[in-house]
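What follows is a group of structures, each given as structure tokens.
Below, subunit A partners subunit B and then partners subunit C, in two separate complexes.
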Partner chain A sequence: MSGALKKGIEATFRDARVETPGDGRVTVFVPAESVPAVVHYLKERGFDHLTMVSCVDRPDDGELEVVYILSSYTNDPRLHVIVKARVPREGGGLGTVIGVFPNAEPYEREIHELFGANFEGHGRLIPLFLEREYAIPPFRKDFDSRKYVEETFDSIPAVQDE
Partner chain B sequence: MDRNQISKWLKAPAKMAHKYSLHAVYFCTGCGIIEIPPVITARWDAERFGVIPVATPRQGNLFMITGYVSVKTLKAIIRTYEQMPDPKYTVGFGSCPINGGMYWDSYNTAKHVDKYIPIDGWIAGCMPRPEAVFIGVTHLWTLIDKGMANGYARYRKNYAQYRRNQEMLFGELGWPPLYPIEDGAPGGDE
Partner chain C sequence: MTGRHEKGVMSMETAASASHTTTGEAGRKLELYFGPQHLGMVGNFSITLEVEGDRIRKATANPGYLHRGFEKLMEYRTWIQNFPLVCRVNVVEPDSMEMIYAMGVEKLAGIEVPERAHFVRSIYLELARVGSHLFGLWAYANMLGFDTVAQWAMYHRDLVLDLFEELTGGRVYHIYIWPGGVRRDFPKGFKDKIVSTLHSIGGCVPDYDTAFFNNRLFYDRSAGIGTVGCEEAKRMGATGQTLRATGVDFDIRKVDPYAAYDRVDWDVPTREDGDAYSRIWVVRDEMIESVHMIFKLLEAMPDGEVYHRIPNPFKWDIPKGEAYVRCESSRGELGLYLVSDGGDKPHRVHFRTPSYTNGLVILEKMLEGASIADVGNIMISLYVVAPEIDR
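Then we have the complex of A and B:
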């Protein structure tokens, strides 16, 4: 299954690179602009469940790596397809996959909020969890958590009971 | 009724009534709520101590904050607290409401809940055993007896400071002050 899948993906998408470590994972590296097409292709191939969308900050490369994990209820359930796409940290964006998997909506909102990645075509990129504005999105590796706590929470004085 | 307490009942009936009818609002933040079902059900049976969960904050007088307090949750905690009728007692349950606990350097967790609402007692631990809740309740009885569980009075008295702290964290709060803030009060107009 994973061998045929690899061949199929590489034949359809010239710029995709597929790795099959052989432990039930099929990792697909694609450019950011072809993510919706690849995810749509995988759904056609029977991967009908978007398990999660995640993100990794790569400050050394100046990029964010957005990770889509797909599994299947109809194919071999032990097989997972991991689609990875990289976008620039500043001003980078990639197309939304809500059209293919509607359950991507909160994941993309969360990644937009916590990492600062932009999803083009997402109609509702408003804050999901956070109540405050952050100068740097808080899940990025250059976000100094302790300094932020000192400035924000520790600077609030205790209540003095006269 | 315990005969030894008859004199107490005659001296301060209201206090005794408050002591033995603690209607608890369990604010289920974080992991602390996992200890609450055994506390209120047959295994430990909090009703022996007069503690019973209520449906809405407007019926309760004991407010238990069980677990870490994220900034968004804190807003709900303040609103819940302000809805409860006086006299009300607040207990922070677990390490996280005390000083942040394991979330001491988290970007979105309010570390000291007592900066925003008054707290009458703490139950330390991560997590505290259900027995600790009952030790906390008996301590609260002592505090009520001595008139030291006066968080609701302190909230009214120092409301300017509490409101200032809440606004420092949230910016605009979106609801009017619960009590009038006089000009020149500490933190009133800054």
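Then we have the complex of A and C:
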């Protein structure tokens, strides 16, 4: 299954790179602009369950890695396709996949709020969890939680490190 | 960035119950705040309702009251130090959170689990499912006004918590599952205690059925409420009871077995109608199936070790890589995306919690066109737990 899938994806999307580590996981690396098309392609081929959308900060490369995990409700649910796209940390954006999977809506909102990636065509990129404003999106690696807490809540005595 | 007010959360100016605008012939449109302080609300969560008469035109879910940033905090702590955090992601059923995190660490580090530990884990997780479902039944029955049934469910959940206390030392948070197995084996005579506790809970099923499940009032209040079809549920990413109540037998324990779920024979209960009535019946049938499964697992459980030694947890570097693991919590598919950069702390942790999809996507959709009186009913039948959404 994963061999045929690899061939199909690479034939359809010339800029996609597919890895099959062999533990029921297929990883597809695509440029940010192809994400909605690739996700739609996978849905048409039976990966009809968008399990989650995640984001990993890669400060060494100056990029954010947005990760879409897809599986299937019916055929071989053990198989996972992980679609990965990288966008620049500053001003990076990619197309929304809400049109393909409506449950991507809160995930994209969350990634926008916590990592600062932009999703074009989303329509409701308002804060999901946070009520304060942050200079750096708070889930990025360069956001220091302890420093922020000490600076913001310094009237409350903090536990001191010895 | 917009503030809380624009999200629709109550501010001082609008706190006077509702703000309103008039819209031509359609009459008066009102904006109504449901929760976080509301009898029908399950916890620290709120919904902004746009209503016309008692019909809901549009619903907006507002999470964030319990956002503790656990996933970020976990990046500052070693792999083992994170166990007390993961179980607090879901207060009602912390055990599947421990399981998923242990599974992720085991997959990244390539740790094997002894056969007996698989059985102990399965029994422990099924006990947790029974406890969690009883808690869910308490919330649902209480919301409908079945106070007696609610108190029974709470009492029976406490009996399950007694078992956890004896096994792990904690009633609510257990931290029992560990990479490489479980912390300790069953104490002497524990098997018999499980059996007698489950017999005394199971013996009350006819009472529950008479007072609640076969009660006409329960049917009248829940049939046809919050209905979703099978294709629509799949399209919105539903899992757990929400999906199984539409006739799809999708259960991670069956389709992608972990622990010892493929060692014994059991069924996935389903219903066809996709409404609140079906969802609560699926919960009931699942509880009974879990009890049967525990008996079978106890019977088939082999002797042996329950724990494989792991390296010194205080100096433990996990190989570089990533893992996606999943299990079936009492609410649906629970997933974990875990990334390691080869160090002693995780690079990124992200939980896929079933309440996230249920509470933010499916709930908003179901409330459109519903009556105000059914908001709590729909929400609790979807089994939404606020801490799981916010993390």
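As a convention for this text, the second predicted complex is superposed on the first by the 154 of 162 C-alpha atoms of A that agree within 3 Å, B and C clash if a C-alpha of one lies under 4 Å from a C-alpha of the other, contacts with A are read in each partner's own complex, and residues count from 1 in each chain.
The working rule: a contact is a pair of C-beta atoms (placed from the backbone, for glycine too) under 8 Å apart; a residue touches a chain by one contact, two chains touch by 3 or more.
For clarity, every value in this text was computed on a predicted model and none was experimentally measured.
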Report task. Name the contact category of A:V56: first (subunit B only), second (subunit C only), both, or neither. Result -> second
Query raised in the report: Looking at subunit A, which partner touches more of its residues: subunit C or subunit B?
Result: C
Requested in this report: Considering only touches as defined above, state whether A:F101 meets subunit B (first), subunit C (second), both or neither.
Outcome: second
Query raised in the report: Can A:G121 be said to touch subunit B (first), subunit C (second), both, or neither?
Result: neither
Query raised in the report: Does subunit B (first) or subunit C (second) touch A:L130, or do both, or does neither?
Result: both
Query raised in the report: After lining up the shared chain so the two structures overlap, which partner does A:D48 touch, if you call subunit B first and subunit C second: first, second, both or neither?
Result: second
Report task. Classify the contacts of A:F153 with the two partner chains as first (subunit B alone), second (subunit C alone), both, or neither. Result -> first
Query raised in the report: In the superposed arrangement, which partner chain does A:P88 touch: subunit B (first), subunit C (second), both, or neither?
Result: neither
Query raised in the report: On subunit A, what residues does subunit B touch that subunit C touches as well?
Result: 129-131, 138, 143, 145-146
Query raised in the report: Considering the complex alone, what residue numbers of subunit A touch subunit B?
Result: 129-132, 134, 138, 143, 145-146, 148-149, 152-162
**Report entry** Touching residues on subunit B, where the partner in the complex is subunit A
**Finding:** 70-72, 75, 100, 104-108, 110-112, 114-115, 118, 154, 157-158, 161-162, 165, 168-170, 186
Report task. Please name which positions on subunit C make contact with subunit A in the complex. Result -> 1-4, 6-7, 63-64, 67, 69, 71-73, 75-76, 234-237, 248, 250, 252, 255-256, 324, 326, 333, 335, 337, 339, 347-348, 350, 352, 356-357, 360-361, 390
Query - subunit A - residues contacting subunit C, complex - result: 25, 48-52, 54-57, 67, 69, 73, 77-78, 80, 82, 101-103, 105-106, 126-131, 133, 138-139, 141, 143, 145-146
